[in-house]
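Next, two complexes with subunit A in common: one pairs it with subunit B, the other with subunit C.
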Partner chain A sequence: MLTIDSATISTVGVIDDNPEARQSYEWTLQDANVETIGEAGPLGELQEFVGRAVNRLDAVLCDHHLRIRNYSTFDGAQLAAALYEASIPAVLCTRWEDAHLDLIRPYRDRVPALIQWEDLDPDTFVDALALTIREIKGEFSEQRRTWRTQVHIADVGVDEQNEFFYVDLPGWTSDKVIRLRKADLGAELANQLKVDARWHARVNIGTEDAWELYFRDWEPR
Partner chain B sequence: MTDPAGVTEPSVTILDVGHGLCVLLTSEAEVTLIDTGAGSTVLDQLRSLSRTTVRRVLISHADRDHVGALLTLLSDDSFEVQEIWLNSDAFKESALWAALIYEIDDVERAADTQVQFGVRERQGFSTGPFDVEILAPRLRLAGLGAGSRDTDGRRLETNSLSVVARVHAHGSPLALLPGDIDEVGLAHLLDQTPAPDLYAPILVFPHHGGHVSRASNASANADFASRFVSLVRPTTVIFSIGRGQHGTPRKEIIDAIRNTVPGINILCTQLSMLCSSAPVGAGNVAHLLQAASRGRHVRAWCAGTIIIDHHEGSWRVRPSRAFHQAFIAANASTALCTGQLSTTS
Partner chain C sequence: MTDHVVHIRFAADVLRRLGEELNPSVDQGIIELVKNAFDADASKCTVELRNVDTAGGTVIVTDDGQGMTPKDIADGWLVLGRSIKDPSHRTPKGRLPAGSKGLGRLAALRLGHRTTLRTRSTTGARTAYKLEIDWDIYDNVELVEEVPLSITTETPVRRGRGTEIEIEELRHRIGRTDVTRLARALVLLADPFSDDASGFNPLLLAPEFDDLAKLVEARYFPEADYHLRAEIDSDGYGNVDVLDGYDKLLYTANHQEFSEHPDSPYSCPPARFDLWVFILSGENFRLRSVSVREVQHWLRNFGGIHLYINGLRVNPYGNSGNDWLDLNLSRVRSPENRPGTNTSIGRIRVDDPQEALIQKTDRSGVIESEAFRDLRNFATDALEFMAKRRQADAEKRRQRERNASKRTSERTRASLAKAIETSKTPDKPQLQRAFERYERATTHEIDTLRQEVQLYRTLSTAGITAATFAHESAGSPLKVMSLNMDTVERRGTREFGTEFTKVLGSPLAAIRRAIRSVGVLGSVTLHLVEADKRRLRRVDLHSVISEVVDTLGPFFEQRDVQVEVQLGQGRPFLRTSEAAIESILTNLISNSLIAFEDVITDRRRILIGTEISGGNAVLRIEDNGPGITVPTVADIWLPGYTTRVHGTGLGLTIVRDAVHDIGGSVEVLRTGKLEGAEFIISLPILGA
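Up next, the complex of A and B:
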């Protein structure tokens, strides 16, 4: 059993479509002094799963890429965000963080901690869990707190499917360009995108890493 | 045992913003910023101090590492900025400059913020017990602008036009904040009779201890550093740096300073890779002050955020030299500030 910021964590659900990976995660978490429940799947519908988790699990560790072999109808980032809304801390642990970054980023406002697969150990799990528990209570770290800042639309729809737009953040420490999905803006905002426009959004510009950035409360101009 | 923690008032805070600069002049009545760094460190610091109004922001020059966070300070509804002092600079980073000007235009039109373009020598302002004296740029440099040439044919860079501000406390010089001034800017600053007195007990070294000469060679950097500290005559020199970025502070600069002023107190906000390539141990925090610090999350700190406050009738620098040196002894096997001096300096 773990106690983190007066939250008691006894039972952690482990979610991965691969039984061997699930077992490996369970062994790691057991070293962190928690009981684990490996979820063999299929997981069913998202809200049904969250409803079943509420009285059964104190926390969850899940992979992102779950839509394999009918294991799940949703992705891990979607699940972690839904659990966060139900006040169940969930940590995403995946090797898909780069390949599926576009799909994970829209949920990062409710997924405080993403551990890269090779970095998972009892300490990184407990640190990630603590970060998530504090955030559910409304205590944001400097790397996760959002500020309303200017977002420069660097380019729009240059891919074949016209699926993405590209932004940079003049107030951030880096001039890196970030790729975002137009679909995550919603049609009304996406239709207003223009190259070189200067919008505002709330962004966690305290982070050092581009892949940790998340955006919300878009304001076109 | 820990160094006395937190910000007291009045104080001068050199915030650990990584590679960049942000200085807070804090008094009971108001906060003034000289540069803002980039990212969120200054916002986090203001939030932790429960300061939502910034009386004034003075920008030394329009590089991202000095001005980036001003965009968010102006954008975010949590803060009110009453006055901005800056020089026009559409030359060096036009995209950043455009971003800033659009944001300033928004707040100025909303009549929330007064904007003063054209910062130059012989201007100044007071904030709490501090008087800020602008020593540079000279009118002729501000007028010519970055990208032009002076009458000696030297190209004026953004850094040449850096605002040089001297902070006086209770009427006496306390700190010199020269932005990223380079040798051309310094030559123009000194080109008057009598040459201005640059004395200040605390110097935040220009350009984070990176190249300060056009030649970009070690000898020219050392000459500039030696000359600069001879003019300022500081007892403490501070480098606001980002670990692993731009190879700062350069060894020839530290050596020149130590050779020119033996025994001088040198502090860097973050631990230079030149001082130790090993990560800082998580427990080595006894000397760190309770203030926002960008290096803290990524275990990159050396002195961390540095605070100059008024204690028992005089101004003191925290972390204290003893605490800082204890950290250096334990964590920086090749420390530039205490190690073997180069024989060429």
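Up next, the complex of A and C:
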């Protein structure tokens, strides 16, 4: 059993569509002194699963890719965000490429901790869990706190599927271009995107890593 | 017990704020007054601009509609935020009122310092009424209600019914751009393309309007090569037809066949979508009575897809620069079969008595509701249907052309062979031999090309398969291995202390290195096929070099290769795609790695260097392998040319083509400074 900021964590649910990976995660977490429950799946509807997790699990560790086997119809980032909304701390653990980050970033406002499985050990898990628990209580770290900042629209819809737009943040570092999905803005805002426009949004510009950035409360101009 | 009865009251400043903030542009303000005329069943509405090129001018809007009684003025025209019009009931002329909240009208009326309304209603035909508003008075009072307004009776200044609004002492000038925009908005307001016109004719007394009005009457619809016709019925189910230039039905589909969601109806009011698509080539217009330029000019002015709700056009859909159905972006992806705003004109007409589509108060479009989204989905689905069918036809046509060209080639060959056969020339045997040699060479060339195409297809399939299954093939097993390695090490150390590390530390470290190497392949595959890398943009050459070297690092380690990177000063950048630079680097580095397999060296080295020379970045990749050993150096660039048993022979061809596409040049030295091959690539840069 763990106690983090007066929260007691004794049972952690482990979500991965591969049974062997699930078991491997469980062994790692058991070394952090918690009991684990590997969720065998299929997980069913997202909100149903979250409902079943309340009062049964104190925390969750989940992989992002859950759809490959007949296991889930939602991704790990979606699940972690829904659990966060239900005040169940969830740590997302996955190896990602930029293409995966496009799908994870929209949920990052509710997924405080994203770790690569190469970096997962009992200590990193506890740290990630602590970060999430504190955020659920409303305590944000400098790296996660959002600020209203200017967002420069560098490019719009020049990819094959017209799916993305590209932004840079003059208040952060202007030479990094971040790719975002138009779909995550909603049709009304997406239709207002114009190259070189300067919008505002709340962004966690305290982070140093582009993959950690998340955006919310867009203000078009 | 009630002590005091009080009311919410409005400061006079509210009028100024509403007027300024809800008036996105002069033309849209005036259009609001013209829409009032439409609602009043007018058949004509004239907008006159007097001395407007400087501030202080006058705008007069006159209509021949129903006019107003003093009650209409007091209970409707002067009430802001509510319209006395009932949008679910039609006017005597069968129009659905535009349903203005009166706020747009306020915005327009406040364009000047003074406004005068003169109106004569049908019911009081012998009497006209006049109302004057001096907006400056409102600037000096606290509350709106403090300013009394009087409706006076006067002898009509002109015959017949109708309303005249005179806005005097304009606060700002109305420039030429505004006038042109107003003229276009008026010309397009009441669907001038329709055969069943509403009988409403707005008119602007300005030369800009006359020119555009004449142009809009040109109606080049019969010149269209395709006419898309789609409808949604009152239950939300749609259908789509596509006709050719002779009105012959080419393709048709019902809801199930063209909708993205075949089982659900569109949640929007009944609508009709018409789109006329033109193939604007000189060849296509050669035998027509109009020139391609005339149609291009017409489309430049009116092209795009306009939205008409209850008979009136809604701004800004179809305006220049407003591509609300993403026609142009789709066209970029498939220019052959998709229309753009410069090659098509269309309109979507919606009958919406229940006001499912609500226009924004500032008249900047329709609120993004489910109804509007579904209307857009309907139009996009219809466009997608047409594009797919046209693409399928184009494929069939290409197949026919391929077959026809094969037949033509066979016929030509037979006729040439016969000509030689029947020839009486003494050179006949030489001719026959030459012809046979030519035939063999041609067959060989065709076979080579076929093999090359097949090789590209096979490699693409290998790449697609590797990327699709990268997660399963590498991700999960690697994760299991890595996590369990950690667990074994952690638990082993805990149980057996330093003895565990002493006995098993080295083998475990070896396994860990192996896991890392295996993992790289999956990462590299996904990394290389990343869509974003194919985007044309400003690319920092040094960043790409560092990233490629970093990504391939485990391969270098595995093959005992030492890579030295010597980047020149500055940060050269060029306009290209990251994928192009990566293709050059990855293929040349792979080439070096493979070359090392043929020699034993003390220390395998690859040197990657850059320098700026003139307007170019010079990139050198050299190694201390065996160098270029083939007899003719130029052969290494040939597609399919390889000295390895299982080589593809495509790597260097891709390098050559990628460099060429960027506008650069590439040369190779058989032996460079390191005694192995040296590739020197010169790339034009935008700066450094």
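As a working rule, the second predicted complex is superposed on the first by the 216 of 221 C-alpha atoms of A that agree within 3 Å, B and C clash if a C-alpha of one lies under 4 Å from a C-alpha of the other, contacts with A are read in each partner's own complex, and residues count from 1 in each chain.
We adopt the following convention: a contact is a pair of C-beta atoms (placed from the backbone, for glycine too) under 8 Å apart; a residue touches a chain by one contact, two chains touch by 3 or more.
Since the model is a prediction, treat every value here as computed from it, not as a measurement.
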Exercise. With the two structures laid over each other on chain A, which partner does A:Arg198 touch: subunit B (first), subunit C (second), both, or neither?
Worked result: first
Seminar exercise, completed: Counting residues of subunit A touched by each of subunit B and subunit C, the higher count belongs to C
For this session: Applying the touch criterion given at the start, work out whether A:Gly206 contacts subunit B, subunit C, both or neither, answering first, second, both or neither.
Result: first
For this session: Please work out whether A:Glu48 is in contact with subunit B alone, subunit C alone, both, or neither, and reply first, second, both or neither.
Result: neither
Problem set entry | subunit B versus subunit C as contact partner of A:Glu118, first or second or both or neither | second
Exercise. After lining up the shared chain so the two structures overlap, which partner does A:His152 touch, if you call subunit B first and subunit C second: first, second, both or neither?
Worked result: first
Exercise. Between subunit B (first) and subunit C (second), which does A:Ile68 come into contact with in this model arrangement: first, second, both, or neither?
Worked result: second
Problem set entry | Touching partner for A:Thr173 - first (subunit B), second (subunit C), both, neither | first
For this session: Kindly classify A:Glu142 by the partners it touches after superposition: subunit B alone (first), subunit C alone (second), both, or neither?
Result: first
Exercise. Can you pull the subunit A residues that subunit B and subunit C both touch?
Worked result: none
Problem set entry | Touching residues on subunit C, where the partner in the complex is subunit A | 324, 326, 329-330, 333, 368, 373, 376, 471-472, 475-476, 479-480, 482-484, 486-487, 490-491, 523, 526-527, 530-532, 534-537
Exercise. What part of subunit B is in contact with subunit A in the complex they form?
Worked result: 18, 20, 38-41, 43-44, 64-65, 68-72, 75-78, 95-96, 99-100, 102-103, 292, 297-298
Exercise. What part of subunit A is in contact with subunit C in the complex they form?
Worked result: 18, 20-21, 24-25, 27-28, 31, 65, 68, 95, 97-99, 117-118, 120-122, 155, 157-162, 164, 179, 186-188, 191
Problem set entry | Of subunit A, residues touching subunit B in the complex | 141-143, 145, 147-150, 152, 168, 170-173, 175, 198, 200, 204-206, 208
